[in-house]
Amino acid sequence: MTLPYTRQEMMAIATGREIRDGELAIFGVGLSMLAGYFAQAHHAPNVRAMTEGGVYGATPVGGLPWGIECNRISANATSFTSGLDALGCLVASGRCDVGIIGAAQVDRFGNVNTTGIWDGEIGDHYRPPKTRLTGAGGANDIACGAKRYLIMVAHEPKRFAETVTYVSSPGYLEGGDARARHGFVGGGPSAIITTLGILRPEAATKEFVLAGWYAFSSAEEIRANTGWELKIAPDAAPIPEPSDSELAALRTVDVTGALRKG
Amino acid sequence: MTLPYTRQEMMAIATGREIRDGELAIFGVGLSMLAGYFAQAHHAPNVRAMTEGGVYGATPVGGLPWGIECNRISANATSFTSGLDALGCLVASGRCDVGIIGAAQVDRFGNVNTTGIWDGEIGDHYRPPKTRLTGAGGANDIACGAKRYLIMVAHEPKRFAETVTYVSSPGYLEGGDARARHGFVGGGPSAIITTLGILRPEAATKEFVLAGWYAFSSAEEIRANTGWELKIAPDAAPIPEPSDSELAALRTVDVTGALRKG
Amino acid sequence: MASNKLISLAEAVRRTSRDGMQYASGAALPIGSDAVAFGRELLRQERRDLHAIFHCNSQQLNLLAGAGAVTRAECGFTGLEVFGFANGLRRAVESGALALEDYSNLAMALRLLGGAMNWPFVPATVNIGSDLQDRSAFEPDAYPSRTKIPTVTDPFSGRPVGALSPLKPDLAAIHVTLADPLGNAIMLGTEWSRFELSRAAKRVVLVADAIVDTACMRQFPNLVRIPDIVVEAVVHWPFAAWPQSSPGMYDVDEEHMRLMNKALATEEGTAQYRRDFVDGYADLDGYLAMIGAEKRASLSATATGFLLDPYRPWILPAEVVAQLQAEGGVS
Amino acid sequence: MASNKLISLAEAVRRTSRDGMQYASGAALPIGSDAVAFGRELLRQERRDLHAIFHCNSQQLNLLAGAGAVTRAECGFTGLEVFGFANGLRRAVESGALALEDYSNLAMALRLLGGAMNWPFVPATVNIGSDLQDRSAFEPDAYPSRTKIPTVTDPFSGRPVGALSPLKPDLAAIHVTLADPLGNAIMLGTEWSRFELSRAAKRVVLVADAIVDTACMRQFPNLVRIPDIVVEAVVHWPFAAWPQSSPGMYDVDEEHMRLMNKALATEEGTAQYRRDFVDGYADLDGYLAMIGAEKRASLSATATGFLLDPYRPWILPAEVVAQLQAEGGVS
């Protein structure tokens, strides 16, 4: 099936749809920034976007930013402050409405690993990972403090584990009300948005279940690519394809076509 | 006796002599600022002076500043930051070498009251003072954090109490090593400099004793104006009169002659 | 795209303040930047029973306290520096009409930082071991107080350390030199704790001496320490800090500082001051006329004037600001 | 009057660094402002066994780690954003040659704030409840760790909260856009945690893209977030963050970012990179020649260039800086 859009573009649009106008939002670099600025360009013109380092009021120029504090978003910002301000005063404080983070590995309860890949469990003695990844970065702070957050991840079996090897950023931990034990001010992940569909947490157990699939995917394909016995929500449904206006808005943001290469 | 300088000027010069070149120093408004900037103009050209609000690199212009963050020191500063920076990062942290504070009431162990005057003891039930003063301001932070600090006070019996009614800024508390109980990073008051002379703490007891008197005062006059049985240090001695260069430097700083009115 | 938040001072006070609220203001110590004009308007609208949170006293707190509008206050320095004791505040405290909870200047800034960070408490290496810790005007029967600045044990050293309670005022009126209509602000002179306050308060109103085009903010983003996303409303009010000073804009009005503080020393004087200088103007033009053209000119001839020079090209003319304010008020 | 602190990069490294020290750097995330040139000089002078404290990884840490000069590191984000994983750091971690203690980006900033304030600990509402708290590379046998981020009880609510350990690095090399010879600094772009770092570190060296007259600081004192009183030495080094970016000055060098990270993926590549880009120049002129005139011109044609405009009149010419540096070096 040849589509007029890529799977990456579908994921970015599905993520952007989760962002509501006027919200205070924090985006990471790459896909999550494109999803966020797509929302701003399309249906959330008053989204109040910031980056981890305290760059406010900016719209990227000249292509996909190389990093979240790079010159492509420094060129038209209205305010520069600091990491303490953005991640502390505005995110960890509980003020931020929504954040978007990525994941190398995510589990049944939305816990995220971006720290490393080990051969099996780590064990009681900490040892270096076989493959070192990017660490927690600001994602842990978003996961603890944002009112809700979105996890964007490529849907591959190795990335969807029953339990992540290392919790870099807490989802619902062991599920249920486990987050309450730590007093997190943030509400936890509201959706896992993938290249194949969307998973959302069940209200009580906080187990992530299938909420929807794209025109080019199916519940079966998603279950086959998920490392746990994925349940299907009672109201699971196909996810609308990108509209013309959505696709146009996304491509205004993604001027270099980064999402069309994947 | 008519002197070529006032008692206030003598006190300011005696205070300024305590400041050494290159030190990181914090001054309050009025007398203490004049004393500090006198030191800078005279013998400590490299003193690194700041105010509580984070005004750095300034020399007052146009007369005695109205306040420690006023336009007369904002006109040629090299940096403005914040109270958190100056009082927190640079003073409470223990980095500041010397501070100068004032006192409405000071006691045998160098504890300072700037909060209020009560009729007798406050008692177990807190009640408003008969006369409300200026509160602790930044002096408490200097008293807790500065490596050492100087107390400037007019020498009158009512101001020199056996025990202050209210400890706004801690000196040596009950004396000895009482400060250690609270883990203060600062060393405590190194001198009380008055309109009549200088008191310094005994090494072990931390009781303030008479260290010196001016040309126009005497040990007897000072003892008579002190509310506790003031001891005289073994090495107590007359304090040198202002030199011509000291007086000239002070008057350069005190352009409006504030110290000559007293 | 953020929206135009310019509204009138009267409207800002109507929208954001209520009796009994925790109201925070104060900026660069008793003689510097402060939204004094906002305090005047609180009195004009007869706000009462305020719980004032000032990192340090100013003529605003002095006035509000002297006028009997404040029943509780948390504060650092409570004087007026070279202008002496704050007579209005003093009178309210001494009479028992106002319970004043004492902290140091740093402690107030730390408590605002704690509110901004949403910490449960802030480690205190100051204020401990003094009557700031032991005495509480809010809980007068507790002596020594164990709740005002309680003790926690440092898990690394096992040693005790104080714990300050964070502050999250209901409303902060923050004086800034320059703001754009969206709510981005530039402060000239020390920030004191305006940065922390702007993040700690539940609602923030900026009171700006001048309004600039947003292009100014894009030219100097590192100066924009208060970004629009934390601001609810912007008020344009020249000489907003008067009789205090605003670096780059105007000097302290020595004469009025003394007149005002003298008036606040008595109930009669305070009543007279309210008639003359609080209720004595109908609008901004009336306020500026009350200060007087000659006085404004002399105060504006400040040695700090050069600090404003880089931003002057972006200052919006009065008629543009008025138009924007008319639009912002209806949004 | 503060003194001229301009010295050469080689002299700054000689004076302030030693094997085994806690060395802090890093600034605006992996692609932004960072004193990368200082890291190159650390390698040129064969510093070893460094304990690196970076609020987040950069090409500097990537290089130092890849070259085997770092045995311990405390860090937030450890990648290179769109440039992928940091191969030099990764190789050192995976081989076990470098123990990497993980924190979040906010936690690193908070720990520097705690060091700046000289707090015994910093309340932690982040990093708790994850393996950042439970796993310690510095104490691998403790699982779950009870010492990395221990728990304290909030005295106000009685609820548990985490406690972060403050950081006070022995040395910080801080990249700034502009510095004056006294050590006052202006940063364009986000500060990240450079403000906190400049107060937390025991010694601070500024590495500035350009040197300005102190008159610039007096015109823009609110931009001077690092005042001279906390600075020991100032180094003038254009393109100090290369191949990373410096807002207002130059863009990221995409080509070299990729070349460098590819080289650091192997020992051989790292050795070659050292020969070519660490030991491959004798002085600043050689360094600039190594980057190349054409490349420098294209990187300098940044869309952020206008951010530098207000300060250009005060930038000191190279010969004046050289003269001041010669004088500063002997003081």
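Per-chain numbering from 1; labels A, B, C and D assigned in written order.
To be clear about the criterion, a residue touches a chain if its C-beta (ideal position, glycine included) is under 8 Å from a C-beta of that chain, and two chains touch if they have at least 3 such contacts.
Since the structure is predicted, the reported quantities are computational estimates derived from the model, not experimental observations.
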Under the touch definition above, the chains in contact with both subunit B and subunit D are C
When A-D and A-C are ranked by contacting C-beta pairs, first comes A-D
In terms of mean CA position, the chain most removed from subunit B is A
Here the gap between subunit A and subunit D, centre to centre from mean Cα coordinates and rounded to Å, is 28
Distance in whole angstrom between the CA centres of subunit A and subunit C is 40
Note: subunit B sits from subunit A at a C-alpha centroid distance in Å of 56
Subunit C to subunit D, mean C-alpha position gap in Å, rounds to 37
Check: subunit B positions touching at least 2 other chains come out as 74, 80-81, 88, 92, 185
Flagged in subunit C as touching 2+ other chains are 117-118, 125, 159, 161, 188-189, 191, 221-222, 307
Among line, ring, star, complete and other, the chain contact graph is other
Every touching pair of chains is listed here as A-C, A-D, B-C, B-D, C-D
In the complex, the residues of subunit A that touch subunit C are 24, 45-46, 48, 50, 56-57, 74, 76-81, 85, 88-90, 92-94, 185
The answer for subunit A against subunit D in the complex is residues 29-30, 51-55, 61-62, 64-72, 74-75, 80-84, 87-88, 91-92, 115, 122, 124-141, 143-145, 166-170, 173, 179, 181-185
In their shared complex, subunit A is touched by residues of subunit D numbered 28-32, 55-57, 75-79, 81-83, 85, 89-90, 93-96, 100, 102-107, 109-110, 113, 125-132, 135-137, 140-141, 143, 159-161, 188-196, 245, 247, 251-252, 254, 257, 302-304, 307
In the complex, the residues of subunit D that touch subunit C are 117-123, 125, 150-157, 159, 161, 163, 165, 186-189, 191, 219-223, 306-307, 309-310
So, in the complex, the side of subunit D touching subunit B is made of residues 1-3, 116-118, 180, 182, 184, 199, 214, 217-218, 221-222, 224-230
